[in-house]
Structures are given as C-alpha cells and as structure tokens.
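You will see two complexes here that share chain A, one where it goes with chain B and one where it goes with chain C.
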Partner chain A sequence: MILLQAPFLNLQALLDGVMVGSIFALVAYGMALVWGVMNIINVAQGEYVILGGYITFGIYKLGVSPIYGMPFSFLFLFILGYILYRLIVFRVVDKDMFISILATFGISIMIQQFMNMFFGSQVETALTGLGTIFFFDGNITIALVKVFSFVISILGAIAVIYFMRVSKLGRAIRATAQNPRAARILGVDTEKVYAYTYAINAGLCGLAGSLVAMTYTLHPYIGLPYTVRSFMIVIIAGLGNIPGVLVSGLGLGAIEEFSAYLIGSEFRIGVIFSLLVIILVYRSKKLAKKREYLK
Partner chain B sequence: MLSDKKELSGITLIILFGVLSPILFPNYRIQLSELWIFMVFASTWNIQGGKMGYNSFGNIIFFGLGMYLCASTQIAYAFDLAEWTAAGGVKTFVHTASQYFIGLPLGLIIAGLVPALIAGFLGSLILGLRGHYFAICTLGIGIAAGEFATSVSIWGGGQGMTVPVWPKVDGQDLDFLGGGMNFFYTLSFLLFVSTFFTLRWLFSTRFGLILTAIRDNEDKAEAMGIPTMRYKVTGWVFSAFFMGIAGGIYGNINGYIEPTEVAFAGATFGVYMVLMTILGGKGTLWGPIIGALVFQVFKEFFWTFFLGWQLVALGFLIIVIVVFFPEGIMGWLRQKKPAWFGEVVDSKARLAQVKINTND
Partner chain C sequence: MNKIQKLILVLLSSITLLFSSVSTSFAKVEGDTITLGSAISLTGKYATNGEHTQRGYDLGVKIINDAGGVKVGGKKYKLAVKYYDDESNSAKAAALAQRLIEQDGIQYMLGPYGSGLTIAIAPVTEKFGVPMVEANGASRALFTKGYKYLFAVLNSADQYLNSAVDLMATKKKGATVALAFEQDSFSLDVKLGVMDRIKAHGMKVVIDDALPKELNDMTATLQKVKALKPDLLVVSGHSKGAMTAIKQMTDLKVDVSMLAMTHCDAAAINKNLGGGGEYAICAAQWHKSLSYEDEFFGSGKDYAKLFESIYKYDPPYQAAESSAALLVFKSAFEKANSFDKDKVRDALAKTDMKTFYGGIKFNKSGQNTSKPMVLFQVQDGKNAVVAPVKWAEAKLIYPIPKWADRK
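Entry: the complex of A and B
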C-alpha cells in the first residue's frame, strides 16, 4: 500500500480533497436549491460552472488578476440563468421530471458547443500568481489559491444561507419550496421566485466555476462530471439538508483525491461515475429494506 | 395501437421501402443502413422509456459493447487480437472468405448474448431505482463505460481499432449478395424487421400489458402480485440483445471503432434514440419508427447546413421537441385521426369531453 509507506501522502490527499470538495459543495448547494424549490434536476449545472470559469479566464486574458473575475462570473451567469428561465425552463417546471432533465440536457449541449467555438478545445487555467506554502520539509505543499478558493466557497455558501434566512426573497423562496400553492394564495409571485432561484443557482455555479478556473483546469467538455458530483452530494446529504451538503461535498472531494492517488488520475471520471452507481444502488437497497419492514 | 388495417399497410410500406430503396438510391446505402439501425435504437429504447416509464440514458452501452465484442470475435477467430491491434489491424492481416463468414455470425451471436447477460445482471441491480434516479444512474453508467473502454489496451485504448474488411478474391471484392455494403444493408434491414416483429408480438402479450402497468403505477402492480422486477429486467434484456447485434453490424459498416465517439457515443447516438422516440411518440409501436425516419431524413439533409453547429442544433432540437411536442407525432395523429387507432368516434361525446377539459 502506497498510502502506508508514505504517510504524508494521506494528509496531502485529504487536504487537497477537502479543498476541491468545498467547490463541489457550492455547486451542489445550487442544485439542491433548484431541486428543492422547483423540482427540477438541472443537468446543465456543470456547464454553468465551466462557463463561469471561462468568463474569469477571459478577464485573466485581458491582463487583470483572475480574482477580480469572480463578481463578473457570478453576475454573467446570474443574468444568463434568469434569461434561460424566462425562455425555456419555466415551460418545464410543472411537467414530468424527465422532461426537465432532457430540456436542461439540451441546454447543456448547446452551452458546451458555444464554449468550444468561442474558447477553443484546449485545456486552460487562469493563474493567480498566489504562492505555495510548504510543510514538513516540503512533504506537503498547499497552493494558496486552493486555500483561497476554499474560503471563498465556504463564504459563498454562508452568504446564501444567510440570504435565505433574512431577506424577503429568501423567505419567499423557502415558502415556495414548502408549498407552492399555499405560497401563491398568500401573495407570493412564484413565477418570480422560480426565476430568481434559477438565476441564483446559475450565479453560484458561475462563482464556483471562477474558482475552478483559478485552482484547476477548464475544458469545454468537462461539465458533466460536475453535474454528477453535485447530484451525488445532494442525494447523499438528502434534499434540504444544508450542513449535510457541505460535509458530503468535502467527503466526496477527499474520496476522489485518494482514488486518484491509488488508481491513477486518468480514471478520475470513471471513478466518479462508478461511485454514482454504487451510491444509488446502495440507496435503493436501503429503501427496499425499509419497504420490507412495512410489509 | 393502430387498427389492423392501418398496421398492415404500414408493414407493407416498410418492407417495400426496405427492398426498393437500395436499388433506387444506391449511393445512400450507408445512410439507409444507418436508418434501420436507428429504428432499432428507438424501438428498443421505447421498451424502457416508452412502455415501462424507465427513462434510460444507458442503452448505448449495449451498443458499444456489442460493437467491440463482434469485432474482436471476428478477429480472434482467425488471428491474435493483441497482435492485430498492435499492428494496426487490416494493414497487415487479411481475412480469407471462409474465415470472414464464420467469424461474422459468431461475432454477431456473441454481440447479442453477452450484452443481454450483462443487462440481466445490471438490471437486477439498478432497475430498483425509480424515475429520475434511474435516468441519472444510467447516464453515469454510459459515460463510465466509455471512460473504461478507453483504458482497455487490447481494444486499442483511446485510439480505437479497425474491423476486418470485406474479403477479396484476386484483388476484387468478393461478389456475395452484391458486395459488402449491400450485405450489411441487408443485415441491418433484417435486424430491424426481426426487432419489429418481436416487439409487436411482445407488446401484444401479457408481458406488454404488465410493462404498461409498471409505467402507470408500479406500486399498484406490485400489490396485485406481479413480480415487477423480473419483468423490468426481462424488458432490458430484450433491448440489450437487439442493441448488441445492432452494434456488431454498425461496427462493420463503419469499419473503425473508437471508444467515446463511435461505440459509447452517449452525446450523439445515446441522445438520438431518446429524441427519435419522443419525436415519434413514446409508448407506441410505430412512434419510434416514424420518429427515426423523420430524424434521419432531417439529419442527412440539414446537418450539412449546420457545419460545426450540429451539436447546437441538436440541443435546440431536444429543447423544442421535449418542451413543445412531448406527445410526439403519434400523439398528434391520435388526436387528429382517432379512427385510425380503432377508437370509436362519437362527435357529440367528443365535444362534451372537450368542454369538460376546458372547464377544468
């Protein structure tokens, strides 16, 4: 076992994993929001992340530090999310869930292709110029940009939770999630609530994508893994369990880092998707057991 | 269900088209074979997505698997598979006619049976998932299969492998059933016909009724004593069997297998089959066939206008079809011409119904 021979590797993998996991948690938080409020699984989630990353990358190309790209990514995706809701998504809100999966899948294919046309298909990274710190005689290295993205994604998640608790729109969103009909009777404009929920989700994805651009790499076709990761995180945590999303996001990041060390990073995507199948099968077996008790 | 008379004329039309079209349009034989393969795609996807209500994005794995299995059986029957892929395949090794025509049926049989077995195993694991969980899970399986196929070195990894070419006699293509392209056209047409009649028979039995019951209310069906799991798995096994053979044939038509673009092409074929079925009408026998026909015609005639924009057009098409025509062509026909479906049309009762609907 390579992990027993090199104990520092464990710590390194854990740290890396937790830091990348915080970004996953931010994306998953957006997905949980849309899923809980609108009963839509947004398959285009990963593409919003990558698009947000490309916005930051574009600002970096202009010669500005990519850190200043974050608000632009957030805003651009917020507006795009709002427009997409008004154009397409509102038509599928009340329909069968599969229709919404397919419709958002269509959106994701389109965004992928547009990104491929505008930004090219090479792998890109936006460099922040933040340094690296070393621990234990250089056995453990931590890129400061990862710490930065960890802090930002935690702060972002906290900001959204605070917004949900305090603001008027936040309360309207929570009311709609509980019972859209009752909310409508009490004077909440649910159509507006849906639009802003979807826009906030897209904005969060944009922010996360901006962090991805600084910390990791961008490529037009790597959106789907982010969607699947956030889907996994949401079903592990359970819908509506906000601290659970954070914890399972960090956990998923750690598992992924460890598997990358053990099996090799070329299987990263294969591992994520296999993990998805395992988790879903485990979940269904557990539910089946529960049903047997009922018998 | 169409009425018997309409159905009979439909079958006659299909068979006439199948026999005459390669003679009338000899330059389009590849596209025509692809059309039959697409009809198999849509018809088998319809068992899950339409009849059973289990929307699968993963049926493509049986196609890819069948493609690889058929090609490797064809090669391994005559040569060493590892040497074949290492040497770049057809450049160094050439099949004789007898090697080719024993290897191909063997390959097609294996391409049908192994995916069917895998569907049985996989199905008993994941068909317990409901609704969107099943959809996302199969989406994951489809992508994972492509990723793992990239790392199988005996199949050429990410570079892919070539498929044996049509045997030559004295430097000339062997003249059997009019050469390679005609031969594979005939094979894909026969595959479609057998798929169609199997499904037609299947949907008319108790099995078909149970699939519909599962779609409408699975818990109720289970409560009535139907072992739903067994039926769901059997349905998937049927799909996988035909998809596997379709993969074997398509690999030979294409001549070259690549893991993510040809075999496990979830973003193109995997989406096409869903789209074709919805376009034609989910849950009907004829819907997927009409949908595949319309889609293939659209794809062949208009895809060249969207050069470089094909995927954008595809995404747009998905959104438009799913959002505006979720009932498909058959659903629209059923509304317009209920008599075609053997429904008794009473215009007074119909008007009354419309009134009730609008009052709601």
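Entry: the complex of A and C
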C-alpha cells in the first residue's frame, strides 16, 4: 500500500484531487443552472469546455500568455451559447427531457467535428510557465498552474452565487426556476432568462476549458468526461443546491484521486459511478420512508 | 390513389432499388490503370494520421507512375487508388471495404489507418480473398488469426519498446521500472513485449498503472513515480499519453533516469512544450536518418526532401510506411506477372526486398520480419536515433539530467 509507505502522498492526493475537483465544479455550476432553470440536461457541456480550451490555445498560439485567453474563452462561449439557444435550444425547453438530451447531444457532435476540422485531432496544451512549488523537502509537489486554476474556479463559483443573489437577471433566473408561469405573469421575460441562463452556462464552461488547456491537455474528443463528471456532481449535490455543487465537486475530485492511488487510475470513473448508484439508492430509500409517513 | 396504382409504384421503386444496388461494377484493371482501394480516416479522431497515411500512399503512386509504372505481361500500367472516408469508425470501415470489393470491383487493398480499423477490415478482405498490404495496423491480434491475405510492412506492437528495455539493461543491472499503459489492444501488446524483456533482464516492476481511455491527467501515476524513484518509466497511451506525461512531468518536476514512450514523434511535442520533451525516448517505425535505400525514393533523407517539397512538413513514419506499401505491391505485381489476385497474393508472400523504409520480408502470418524498430531520443529539440545501435547517429544521453540541474 503505497499510501501507507509514503504518508505524504495522502496530503498530495487530497490537494491534487481538490484542485481537479474545482474545475469540474465550475462546469457543474453551469449544468446545475441549466438543469434547474430550464429542465434541460446539457450533454454538450464537455464540448463547450474543450472549445473554450481551444480558444485559449488559439490565443496562446499567437504568442500571448494563455492566462489572457480566459476572458476570450468566456465571452466566445457566452455568445455561442446565446446563439445556440436562439437557434436550437429554445425549441426543446418545455419538451420531454429525452428530446432535449437528443438535441444537446446533436450539438455536442457538431462541435466535436467542428473542432476536429478546425484545430485538428492532435493533442494540444498551452503553457503558462508558472512553475512548481515544493513543500516538506520536496515531498509535496504542486504545479502553480493548478493552484491558479483552483483560485479562478472558486472565484468563478463565488461570482455565480453572488450574481444569482444580487443582480436583477439573477433574481429573474431564480424566479423562473421556481415557477416559470408565475414569473411570466409578473412580467419576467422568461425567453430572455432562458437565453441568458444558457449563455452563462456556456461561458462558465468556456472559462473552465481555458483552465483545462493550461492545466491538462486538449483534443477534440476528450469532452465526455467533463459532461459525465458535472452530471455526477449535480446529482450528488442534489438539484437546486447551488452551493452544494462546490462541496460535491471538490469531494468527488478528492475521492477520484484517492481511488487512483488505491485501486488504479483506470477505475477513477468507475468509482464515481458506483458512488452515484449508492447515493441514488440511499435517496430513494429515504424518500420511500417519507412516503410511508405521509400515508 | 387506387390499389393498382399503389402496386405499380411499389414495383417500380423496388426495381429501381434493385438496379441501384447492383450498379455497374468496374474491373480492378481498366485500360492501363490498376486501381487499388482503401478506406481511410479523413475525418474523425484519426484524421491527422489518416491524412499522413493517404499522403504516403499518394506519394508512392506518384513515384512509381513517374518511373514508368508497373510492368505486367510486357505492358506498362499506371497505379491509382480509390479512397473512401471511414470517419474513424470501424463498422463503417468494414462496410466500405466490402463496398470497394463488391461494388467497385477492387481486387487489391491498401490498409486503413490504425490497428482498430485494420482489425475491422481484415475479415472482409480475407472473406473475399483480396490481398491487402497494410502499413498502419500494429496490433498483434492481426497476426494470430491465420489471415492469408494480410501483409503488414510495419513492426507489430509487441516490438515497439523492447529495445528501450534492452538499452536500460546495458546501463544498469536489476533496474527498477514503472509502467503506465492505456488499456487498449495496442498498448497491451506493447506491454506484452516489454514485460518479456523485463523478465529476461531480471528487472523489477515497482509501478504498474493502467491509464483510462479518457486520458488527460496522470498526476497520481507521476506522484507515485516521484515517491518510488524507478530508473525507467515506460508510457504507452498514444499521443495523448505522451503529451500528458511530458506536460505533467515538467509541471511536477519528475526525475527518472530513462523515459520511454510510444507516439511521441508525430506530435512534435517537444516544440509545443517548450523543451519539456527533451531526453524522452520515442519508439518509431522509421526515421529519415536511417541509411536504408531503394531505387525509387533513394535514401530516407531523399524521401523526406520529396515529401516536404509537396506537403510542407517533415514526413512522419506513418507516411513513410504507407509509401513503402506501394513499393511492395508494385514488386508483387511484377513478380506475379498477372492480375490474378491469388497469384498476386502468392507473390506478396514471397516478398523479400530493400526499401528506403527498411527491409521487407513477410513471415507466414504476414508480419514483416526484416526490419527492427527505431528508437530516438529528443536531443536539443531534434530527434536523434539511438537504437538500433548499428544505424544510430547519436549516443544515448543517460541518465536524464535532473530537473534541478537543468537551466
């Protein structure tokens, strides 16, 4: 057991996990928003992330530090999200969930192929040149770029929460999520709210993608893990529990990292899926009990 | 519409359908042109390497045609290739292979890009008895099924990194090894060969990690490497594995004495990573600095020059081996002196030739046994061949300088 032989690795795994988890949490925020407000599971989430990564990569290729790519990734995806809503997504908002999954799945394939045509299928990454820090005689090693991603993700998450609480649009979004009909009666333009919600989601994914480009690697077909993980995070946090997304994201990241040490990297996603099953079974048991009380 | 009208309509449409599906099948040799067929990944995830492969084929066709073509029965024939895009999808590739043979009347096939797609196509060509020379399917599974019509000009996957382990053995006795392998058929074949050499040299495996398919984070594996300090780290996870490993080793400042990988040549990783790939050892099928030669392309350097003048980049080995496949077909046609596909097949089986890409001679299962794998080390941003030692142009830098000692 390597974790017992080298106790420092436990701390290392925890740190690495939390830092990975923060990026996933950012993606999950967007998903929770769209799911909660529009009742759409956006399967194209991962593709937005990767596209955002490519925008940053493109800027890096121009010879600029990829850090400046972040606002561009956010803006580009925000606009793209808005356009996609006006073109496609608005048609499926109040339809069956299956239809919306199908529609966003279609979008994800389109984006994948587009990225493949435009950027090519080779693996890419952007270098920040941020360096590395060591703790405890070099026993703990952390790439600064990860710390940077972590900070940006947390700031992003806080910004979203603040925005939802304070701004007018945020309030309109929350109202629409609670009861679209009532919101409409009270003068909220729900179409507009939906469009901006979807655009904000895409923008958040773009920002996360920018961090992925700097921290990990990109190629057009690596989007799915981001979709899957953000889905897990939202499920585990519970729908409508926006602050819970952050905790659940960081926690899942840590669990994944530990499982990579304990049973092997190939089981990372497997562990997350098993956890999902356990949580869902537990929840349905709990609900069943509640139902019994009511009877 | 009454019933009779409907009936007539159905009849008519079924007749048109019937005709369209039987459509004219033209012969494989028309006038003075021999048409070969290939399903190849021009879109989808293998598009980059699919393009290298296609360019390799096209260059082979061009060179042979410019030199007068193929001489069969005293008459000269030109070569041509009919391509279909398989979209990097194996089911589609198999269907297209069938279409090439059944509808287009193709009798000689060139392989697709990659092991997975070649595995999908091989049963089809085998069923129709169509000889296929492939240049990009390295999986061992291709050579254990007793295929008679499949010929591969490249080394199989279980030979990829063997010489890296051998190199390690010359440097240190009882070295410790860390393995990080993706779980696809290619990487598992590579691992089979590597494990064999590790046992033979009495080395010790200290880390044996399986990498997931959606690979873009190897932090856990690399942290273990940092903690256990093995002498040799072997990574096989296609270009995404190579890229991720190098990027994160740079980020985490992971030190090993030797780093051996597959797929780290085509991506020009070192350039992208600002020198992070320095000292990595990469397995390749071919390198332009090797001193093999033939009468069509000349030396490897000549090939590289020609390729670059047309396509504006250095030829990756995927292109070189694809060009070599055309040379093999030409020699087989001329040796068979016939267009009968079984005679061509028998001539292919007897191939024994030298090309710019290396020697080509097939064993019973269609593997090329006459060419070793090449290892090169990234030195000063350039790929320098370090093995096989006979053709090596540079000396292996061992051990890799520690991160702390690099500028």
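The working rule: the second predicted complex is superposed on the first by the 261 of 295 C-alpha atoms of A that agree within 3 Å, B and C clash if a C-alpha of one lies under 4 Å from a C-alpha of the other, contacts with A are read in each partner's own complex, and residues count from 1 in each chain.
Here is the rule we use: a residue touches a chain if its C-beta (ideal position, glycine included) is under 8 Å from a C-beta of that chain, and two chains touch if they have at least 3 such contacts.
Keep in mind that this is a model prediction, so the values were computed, not measured.
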Inset, instruction - Using the touch definition from the top, say if A:S121 reaches chain B (first), chain C (second), both or neither. - result: second
Inset, instruction - Could you tell me if A:E266 is touching chain B, chain C, both of them or neither one (first, second, both, neither)? - result: both
Inset, instruction - With the two complexes superposed on chain A, say which partner A:Y216 touches: chain B (first), chain C (second), both, or neither. - result: second
Legend entry - Touched partner set for A:V281, first chain B, second chain C, both or neither: first
Legend entry - First, second, both or neither for A:E47, with chain B first and chain C second: neither
Inset, instruction - Answer with first, second, both or neither: which of chain B and chain C does A:Q113 touch in the superposed model? - result: both
Inset, instruction - Would you sort A:M97 into first (chain B), second (chain C), both or neither based on which partner it touches? - result: first
Legend entry - chain C-contacting residues of chain A that also contact chain B: 113, 117, 224, 266, 269
Inset, instruction - Mind listing the chain A positions that touch chain C in their complex? - result: 2, 5-6, 8-9, 12-13, 16, 20, 113, 116-117, 120-125, 127, 129, 132, 141, 143, 145-146, 212, 216-222, 224-225, 257, 260-261, 264-266, 268-269
Inset, instruction - Quick one: which bits of chain B touch chain A in the complex? Just the residue numbers, please. - result: 55, 125-126, 128-133, 135-137, 139-141, 143-144, 147-148, 151, 267, 271, 274, 278, 308-309, 311-312, 314-319, 322-323, 326
Inset, instruction - Within their complex, state which residues of chain C touch chain A. - result: 43-48, 183, 209-212, 214, 216-221, 223-224, 226-228, 239-240, 242-244, 247-248, 251-253, 266-267, 272-274
Inset, instruction - Note which residues of chain A are touching chain B in the complex, please. - result: 41, 88, 91-92, 95-99, 101-103, 105-110, 112-114, 117, 224, 228, 231, 235, 266-267, 269-270, 272-274, 276-277, 280-281, 283-285, 288
